[in-house]
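You will see subunit A twice below: alongside subunit B first, and alongside subunit C after that.
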Partner chain A sequence: MKKALDEGKLILIAIPVLLWTLLPIYHLFVLSISSQEAMLAGTLWPAKPTLQNFQIVFQQQHYYLTNFWRQMFNSFFIAITTGLLTLFIATFAAFAISRLKVRGGRTIMNLALATYLIPAAFLAIPMYKAMGSYGLLNTQAALILAMVALASPYAIWVLKQASDKLPKELDEAAIMDGATSLQLFRLVYLPLMKPSMVVIGIYALLLAWNEYLYAFLLLSNEKAVPLAVGLGLFLSADDAPWNLLMAAGLLYAIPPAVIYYGFRKNMVGGLTAGAVKS
Partner chain B sequence: MTATTMAAPVAAASDAVSGHTRDRALWGAIMLAPYVLVFLVMVVYPVAYGLWLGLNWNSYRALFADPIFIRTVVNTIVFLFIAVNLKFLIALWLSGFFVAQRAWVRIVLVIFILPWAVPSIPTILSFRVMLNPENGMINQQLFHLFGIVEGPGWLTDPTLAFASSIMVHIWKSLPFWTLILITGRFAIAQDLYEAASVDGANKWQQFKFITWPSLATLYVTSTMLSMIWTLGDFNSVYLLTGGGPGDLNHVLSTLGIRYMRNNNLDLGIASIIVAMPLILPMVYFMVKRLSKGAE
Partner chain C sequence: MKSVRCLVTGAAFAAIAAGWSGAALAQETVTVWFTKGFYKGEDDALLAVVDKFQKATGVKVDLSLYATEDCVTKSVGAIEAGTPPDVGFCTTYDFRTTGKWAFDGKLEDVTDVIEPMKAEFQPQALATTFLMNNKTGKKSYYAFPVEQQMMHITYWKDMLEEAGFKESDIPKGWNGYWDFWCDKVQGSLRAKGKRIYGVGHPMGIAASDTFYSFLTFANAYGAQVVDENGKIVLDQPKNKAAMIEAVKSYANIFQRGCTPPSSVNWLDPDNNVAFHNRTTVLTHNATISIAAKHLDDMNNPALTAEQRAQAKKNYEDNIRTAEFPLKPDGGVMPNLAAVKTAVIFADAKNKKRAKEFMAFLLKDENLRPFVEGSVGRWFPTTIAGAKSPFWTDGKDPHRAIVHKQYSDGTVPFQFVYNYNFTTVNAENVWAKAVNRVVQDKIAPDVAVDEMIARIKQIAG
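Take a look at the complex of A and B:
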């Protein structure tokens, strides 16, 4: 009896939680399979569901979608490059700070943490101005550099923490055997750090894939912008074809969602453990 | 004889160690260099440049004379206070639900993290269309189901539009903080609860004397971190209402960008600099906290 009561209470919580979570996502999906008229009718399910929106998106048959595939490619390119560069920079930096105990490493770590904690929206204008003086405005390099700068601090911090947990004796034994720092890096550190590196690579990749503000500040050419900015273009019209936007938006949301769920165990553990340590 | 045979390997080893010290300093510097370079180019120079641009006193006078700015400061404080506290109370409560030992609760959790896993743009724009007062799904359904002809102006009424932004912000960030608090709850030893219920403690007493004391530090740290990030939430306001209606609902993170896009860069920079006294103490506190935790 008590058990059934408990179960009932849990279900009473679960229902509103699911409704709240799924409503906008459900709405996104419904619009993406609605015709223009069905969309304006605001029904819970379109009278005649259609895949035509996706067809229009795939064939880029609308003014707002002229560069859809190009922008999808840009998103992939920017995200993957950011992921790889961040991984490269952060793996080396974390090794230097955590295992080699390089001088000034602690200071750099704290400065990086401060950068991580200052909201990115407040760094956007200074970074925009700096990109102007570097002559990089309207290049994808500007966006990639900005995303690497924003992703690296957290990446270094998480990798440093993971590296601190590796036993010191491993290094000591290897050094006694005459191993150089590079060998230590390659033979001891890299193999043991792989799981954390996967999490960090994905973290940076998704950060760049999802970014909107920096992308629309730093890039303006419609052929160069990532899909996030391409979708934002729909905001410029009041009577925008929202059903097409939702179809394109759904396609844009699928890659990160697949990655998140594919690596769910690692992501949730890796990112939440790193984010707050009490 | 034993002395010489012993001495050789020890000397070799100490050679290896001192050689290693030099090697280590060299490679440490080389390996840290890429990040230091990125930091100098992408953080130090931009911030210094920004501060230099912010030396113009007239822009602060203009800023404080702008009624939109004053309104924005108030908005930001209200947004922070409501969004962070509401989010954490819900997260605290939901984390208690999600630690229930049921297979189906774990499936609910997998669905629950969706807002965190999918990008902001499509979902926030979905909210925007859904909440459209004339032809959005919510008001149309209010009409169909309840005969309400003129539904609430979710995005056109200033107060409601502001509340909608807070709602979208919470929708997006709730899963992450709930996960953090779930992790915190799992770290509490289960036999404490068993002992307490043997002693006849009710659920509220268990929360008050076991759960809360164990979670308090994590809760406070998380709240602080969430405050900083909420302050930087550009998307929930910009993509949902654009700071409208009539620029009444900006927060500091969207106002700076608005100034910049209106070719008023000086005001944009000034609005960021005046936010620093609010941000930097929190950043300082969190850096100390996080770097201590890392030891």
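Take a look at the complex of A and C:
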């Protein structure tokens, strides 16, 4: 009886939370299958649902969507490159700090944590200025480097914590067998860190995928911007075709959803890997 | 072996870095930031100008197009970072930044470009670019008048007929006009069981539509806020009394239930949305974008033939663009015009080419297609442009009204005389006063006292 009551309470909380979470997605979907007239009618479900909006998006038939596929590719390119670079930097840094115990490692960890505490938006203008000084403005490299800079502190922190949990005896055994540092890294460390690396790679990838402010500031050319910025053009007009924006937005939301659900087991395992020190 | 690897890696990074930054050194470039057009024709015209300029001068134009709000945000960021483009044209510069930038010495004096072509511009449009620079202590031309906008009335003719009225029934006088839409048209449609509002009346504090609409009402009542030297004159008894009447009149439309209750929270697109979904019969808007949407739709091959036909019927028959009614004193309404300004930044790297580019763009054969590409949203600032058949041939019912309104004469916003009014508008002191009356139920004269006090704090 008590169990049933507890479950009932949980359900009472869960249902509003679920509805609240799904409501924007519902609106996104409903508008994306509505015609222009039905979109503005304020009904819960369009009288004549249509896939016309998706057709227009796929075929880039609206003026604001002329670079849709190019911008989608840019989003993939920037997100994947950011994910890989962050992973590269963070894995090596965590290995050096956690396993090789390099001097100053603790200071680097503290600095990494400190930079993570500064909101990314505060760094936007300094970053813009820095990229301008290096002549990198209006290049995708600028955005990728900025994203890597933003993602790395957290990535190093999580990987270092996860790395600390690995038994030291494994390293000692490998060293006894004559392994060099790089062999230790490649043959012992990397295979054991795989779940955490997956989660950090996805974290950096999604950070870059969802980024708007830096992408908007650092890139100017319509053909170079990611789709998030490209879709911002819809807000130019006070008569924006919201149904097309929602259809394009729905398509843009699919890849991160697929990635998340594809790797959700690793996500949970990886995120909790550094949570508790053994 | 290790050192060879290091060397190769280092060389690879150096090559990538050189590739990233080296291309820009190859050719002389002028960097240009524009607001992206609403329509393809607008941007096609701009790209044609860019192409012609590049061929004529051999200078590469590095053109970037941004969404309306992004454009000004990015410009402000670039100025703060010390890396502005050479030329900037964002369609909200005039509302937000041009006056302040000129005052702070952030803009290049472009008198040498304007002077030879001065006679080609409409004087009232050109006057809005003659701005004070606090560093030099003098006024000069710090911007180019590219195009302009003003307030228009838009209504559904078919809904008016459904309410049992003809267009000829619409009163010309101020009070009769609003009574007609609020009492007769709305009343008639409500009697038929339809939850329709007579007017879509922007009231939201976060909407620029609200201050544009409200200042139109203030003009109707003759409430002068600043003089031509930028001195605040709203506290003079005559102006204050007129402003109280304007606040009463603007608030009254909400108080009598003639606009949707949600209009107190409306953002800029919302009066358009309420109009399109036929929740309102009439709205006032700062361009003819509402009608133009249907013009765009009727020529949009991505839509079905049925949708295009409906859009054509809406544009040509169902939707009407109209002037505001006569002022409460019976005079003709002075139209409040916002002139969209392009600028050359003082810190620009290539000011010489930037001036050449702007001089090139402002030639009638280049500027006219650019302005007309917006299918009527923007009106020309040149005398020749305003006389173009596009506006005067009478074939388009909406553009004909726009042309007539400009021909009746325009007045500028206060920020042309005192740049601090960009802040007054951004804070929407006007909408706050109206909302104090309708939501906090305070008397209009108290709301105007608060308004004046705040304006003096910001712009006094």
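We take it that the second predicted complex is superposed on the first by the 254 of 278 C-alpha atoms of A that agree within 3 Å, B and C clash if a C-alpha of one lies under 4 Å from a C-alpha of the other, contacts with A are read in each partner's own complex, and residues count from 1 in each chain.
Methods note: a contact is a pair of C-beta atoms (placed from the backbone, for glycine too) under 8 Å apart; a residue touches a chain by one contact, two chains touch by 3 or more.
For clarity, every value in this text was computed on a predicted model and none was experimentally measured.
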item: Subunit C versus subunit B on the shared subunit A, clash or fit after superposition; value: clash
item: Touched partner set for A:209, first subunit B, second subunit C, both or neither; value: first
item: First, second, both or neither for A:79, with subunit B first and subunit C second; value: neither
item: Partner chain in contact with A:235 - subunit B first, subunit C second, else both or neither; value: both
item: Which superposed partner A:125 touches (first subunit B, second subunit C, both, neither); value: both
item: Which superposed partner A:52 touches (first subunit B, second subunit C, both, neither); value: second
item: Contacts of A:95 with subunit B and subunit C, given as first, second, both or neither; value: first
item: Which superposed partner A:220 touches (first subunit B, second subunit C, both, neither); value: second
item: Comparing the two partners subunit B and subunit C, which touches a greater set of residues in subunit A; value: B
item: Subunit B versus subunit C as contact partner of A:135, first or second or both or neither; value: second
item: Where subunit C runs into subunit B (options 76-84, 148-156 or 184-192); value: 76-84
item: Common interface positions of subunit A, toward subunit B and toward subunit C; value: 40-42, 124-125, 128-129, 134, 217, 232, 234-235
item: Sites on subunit A touched by subunit C in the complex; value: 35-37, 40-42, 52, 55-56, 59, 61-63, 124-125, 128-129, 132, 134-139, 141, 216-217, 220-222, 232-240
item: Residues of subunit A that touch subunit B when the two form their complex; value: 7, 10, 13-14, 17-18, 20-25, 27-28, 30-31, 39-44, 88-90, 92-93, 95-97, 100-106, 108-115, 117-130, 133-134, 145-146, 148-149, 152, 156-157, 160-161, 164, 175-178, 180-182, 185, 209-210, 212-213, 217, 228, 231-232, 234-235, 242, 245-246, 249-250, 252-253, 256-257, 260-261, 264, 268, 272-273, 275-278
item: Subunit A-touching residues of subunit C, taken from the complex the two chains share; value: 16-17, 20-21, 24, 33, 35-36, 38-40, 62, 64-70, 73-74, 77-78, 80-83, 209, 268-269, 272-273, 276-277, 285, 289-290, 292-293, 297, 301-304, 307, 310
item: Subunit B to subunit A touching residues, read off their complex; value: 13, 16-17, 20, 23-29, 31-32, 34-36, 38-39, 41-43, 45-47, 49-50, 53, 94, 97, 100, 102, 104-105, 108, 110-123, 125-127, 129-130, 135-137, 139-141, 171, 175-176, 179-180, 183-184, 217-218, 221-222, 225, 228-229, 231-235, 238-239, 242, 252-254, 256-257, 260, 265, 268-269, 272, 275, 279, 282-284, 286-287, 290-291, 293-294
